[in-house]
Amino acid sequence: MQTIITAVGPDNRGLADPIIHYVTGHGANISEIQMYDHDEESLFAMLCRVDLPAAEYAALQQAMFEIGRQKGLSIRVWSPDERGARPRLAICCTHRTETPLALLRAIRDGQIRAEAAVMIGNRPSCRALAEQFDVAWRMVGNDEGIPDEELLTAVCDEQQVDYIVLARYMRVLPPATCWKFAGGRIINLHHGLLPSFPGIRPYHDAHANRMLTFGATCHFIVPELDAGNQIINQSTFTVPPGMKLDDIIRLGQEDNEPRCLVEGVRRVVAREVQLHFHRVVARR
Amino acid sequence: MQTIITAVGPDNRGLADPIIHYVTGHGANISEIQMYDHDEESLFAMLCRVDLPAAEYAALQQAMFEIGRQKGLSIRVWSPDERGARPRLAICCTHRTETPLALLRAIRDGQIRAEAAVMIGNRPSCRALAEQFDVAWRMVGNDEGIPDEELLTAVCDEQQVDYIVLARYMRVLPPATCWKFAGGRIINLHHGLLPSFPGIRPYHDAHANRMLTFGATCHFIVPELDAGNQIINQSTFTVPPGMKLDDIIRLGQEDNEPRCLVEGVRRVVAREVQLHFHRVVARR
Amino acid sequence: MQTIITAVGPDNRGLADPIIHYVTGHGANISEIQMYDHDEESLFAMLCRVDLPAAEYAALQQAMFEIGRQKGLSIRVWSPDERGARPRLAICCTHRTETPLALLRAIRDGQIRAEAAVMIGNRPSCRALAEQFDVAWRMVGNDEGIPDEELLTAVCDEQQVDYIVLARYMRVLPPATCWKFAGGRIINLHHGLLPSFPGIRPYHDAHANRMLTFGATCHFIVPELDAGNQIINQSTFTVPPGMKLDDIIRLGQEDNEPRCLVEGVRRVVAREVQLHFHRVVARR
Amino acid sequence: MQTIITAVGPDNRGLADPIIHYVTGHGANISEIQMYDHDEESLFAMLCRVDLPAAEYAALQQAMFEIGRQKGLSIRVWSPDERGARPRLAICCTHRTETPLALLRAIRDGQIRAEAAVMIGNRPSCRALAEQFDVAWRMVGNDEGIPDEELLTAVCDEQQVDYIVLARYMRVLPPATCWKFAGGRIINLHHGLLPSFPGIRPYHDAHANRMLTFGATCHFIVPELDAGNQIINQSTFTVPPGMKLDDIIRLGQEDNEPRCLVEGVRRVVAREVQLHFHRVVARR
């Protein structure tokens, strides 16, 4: 049973040892270990992917919970197999409703076989959408839209979220949050083609380059590595010379972005793709 | 009558004056003048776009011919109106046959309202194609495929070519040739998305960036300026994660590139777009 | 006598003709003509560089003034020879005082043989500096620091400014202003290495790339063309691994930027370099 | 005692477990683990950095040697402390002699406190240099200069090399070789500023961008990650407008590149910097 353990703490003293000691001591095969040390933020993180007899899973969770409690670490155990038939999604959004709406419809229509566990906003704009589809709504932003990262994490934990989908959620997740849900659990939609147009105004940038092609990119978020390398899906559209930027943006937001994100989330939920050593690979 | 005069010579001493003097002296309105001095190559070039009473056109041609002869300059006079109903194309190619074949078919089927005046190769690979479509074939390359630029220019002149189409012609036109046919008469197909992937192996570059989007760009060639700014048409295709590069390249070469070039040439020939101060603009 | 004529108007109808007609009709040799049509802003601009008998200069100025008045165009005639021995500078600044201070000292000490004709600010921060060096001070910004472009242009005209130096002036000059003083009269300091770090936070960008080299670039401003191509001077400094960004920025602002700008302005004022067809060339 | 274990094998089945099992079972503290799976090349690699009682070091080496033998893995154990006072260098070169010469002189003069254990060439050009400084010379290239990677690795092993210095060695080390000596043991000189000019002709690229600044970069080689992030030292020089490219290249090769590499190697050998989770950090 493929299992992913993530651990986040203030430094690497004694963080890795007890976890690795336990898994190697309980017949787990180590498939992948990644460690990161964000010196600037004195944040230490580890991802450990193991193969485990299913019977050991519950015990592992309990043991990791214990280690976390004793060592003051934030440890999570997750397996894509646990709710594989119908994974639970947290849909994070800000102002724009097109992409969350497309996700909710695709879930309703069975195109995406998942549960919309919760919608999380740093702005109230999408609340009505959550109510319309009868999905729990949690507001995590203050008056300036600055999100409470602790709360966002807590909501995902309490809702037993498998995948966090950033549907034009216009805030950057801090490294700590990225690491807590590392291993291919955070899916982002970028409204431009990566890696060419990574900025916050990709339509404007491509237009300023006189391009006639515009696109969107759905990718896993992997802290510290070029996001362009974790692309799950891209979709594009081309326009004739002379089309106004406003019209281009409208085409992108209303048609191309939703299409791009829905197909990307579908691929992950259907487990057609997975993150394998920082790379998106098609499952054999 | 919109008329474009191009002049190329070894330096700018006395090049501009007689030409400008003539046009301003014969009731032409100057719409655009661009001059370039390629210091490294001691090449001086001028583009002069004027509006002219149609009756003056023949006299202008004669006068420019005279100036060129006297001053030892390479001067050309051209108007998109001259053969506007059915412009003459030179199709330049090297090894790959997909894009020239697509052009010849589109011309045959009336999708592109133009005359395939001549096919020019720096390699013999496309000769059979020219014969199949009964188009004059001219070989300009030596055994290493190095083209004789004088010959290429002479062929375009003698064939009264309106537009030169580089259909996967894998040689760079020297600035002198570009200037002789400046003003939106040279159309290139680049087998990648510009400006992101300008290199000679754009499929490999995009793939190395783990992109799932691949594209082609049809653009006017404008010496000394970023080719990304003269885009006539772009077309793209996206692939699922894990597709092999060879399969991607095949899709691009056999389907996407021909489609991109045919539509680009159609837009120019149909005069839906034109080059206006280094920019591609849609004609009102 | 090398003379530069610039003309700016709302469109190209009849702008070029009278000017070119006059100069070709009065024994001027045309060295360079560039025209631009900023479709988005319905702004048309022309640069015309001619060689003229010195005796014709005053008459040309008068004639161009007349044409401008009649046609409602903004026309300027300027020659680097006019005040070649001691050109007049407008020093534009915003908040930072290091680079304007360095310029004023270099002028006082004779390192830069020029006249500090006026200091122009969109913020009041550098006013004391102007008073200290007894240089006329003109405030062109409103409470938000938004400059009155008409006023800025008027000040440069009335002060008979030869060169406009942007000494960490943190506003972008609009194309119209750039064209009014085209031909190598606007000198900018960018606080990063061009073309690699063109953004507004080049120190942060280079640092984020883990670079140990930081630099500044002094360049002519040429609208619509890659500023990286008009570099007059660059200077750099390198730091050991681990140096804090704040310390790096301090080194750059207090030492490297002033050095870079002073040497760049010196080269222009001493006419060691000139702008020649959009390129900076060393004068023979 | 800081100790680095690297293991390279055909896949990840059972590679990590025995190594990690041993180190966790013998009182080693795990400081860092990185794993990579080069799917394209079916190459699996692991880096494990541990803190170890010095007394355990020999036993660890023996145990890892055993595991390697049994599992058919290529395993190495290395500690910067082992020969910390006077580490042994392999200097790899191709044609250019400036940078290897500068290294040999700096070692002879005590500026770099290290042993020139061996010089390795894929071309014979630097052989005389090795003889002049009485350093062992090993030729690893065939007639086309293609290196025998097995031989290169074997030479570094038999010579007990601590650091491999690529002194204008114009071949790319394959991932397997990089991983065998991972953890900050491979130092490269790139003859351009990274990350801006990563290509094989960085002088030409910077010159084509009309830059007046040229530089060199000394960096650790870390497979799969942007080399720009592992910069040990950069040095630059600026030139006046108009300097010929050949003169610029000469300045770079004869003066700037040697200076850059010597200081970079000095920093590593003196342990002023170290590689810490893919980043170069200054040691406290």
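As written, the chains take the letters A, B, C and D, and residue 1 is the first residue of each chain.
Methods note: contacts are C-beta pairs under 8 Å (C-beta built on N, C-alpha and C of every residue); 3 or more make two chains touch, one makes a residue touch a chain.
These numbers were taken from a predicted model, which means no experiment stands behind them.
The chains touching chain A as well as chain B do not exist; no chain touches both. Chain pair A-B has a twin interface among A-D, B-C or C-D; that twin, with over half of the contact pairs alike by residue number, is C-D. Annotation: 48 Å between the Cα-based centres of chain A and chain C.
Between chain A and chain D, the centres computed from C-alpha atoms are 36 Å apart.
Along chain B, residues 279, 281 each make contact with two or more other chains. If you draw each protein chain as a dot and join the dots that touch, you get one closed loop, with every dot joined to exactly two others. Taken together, the chain B residues at the contact with chain A in this complex read 193-196, 209-213, 215, 228-236, 238, 240-242, 267, 272-273, 279-282. Residues 12, 14, 16-17, 20-21, 24, 29-37, 39, 225-226, 276-279, 281 of chain B touch chain C in their complex.
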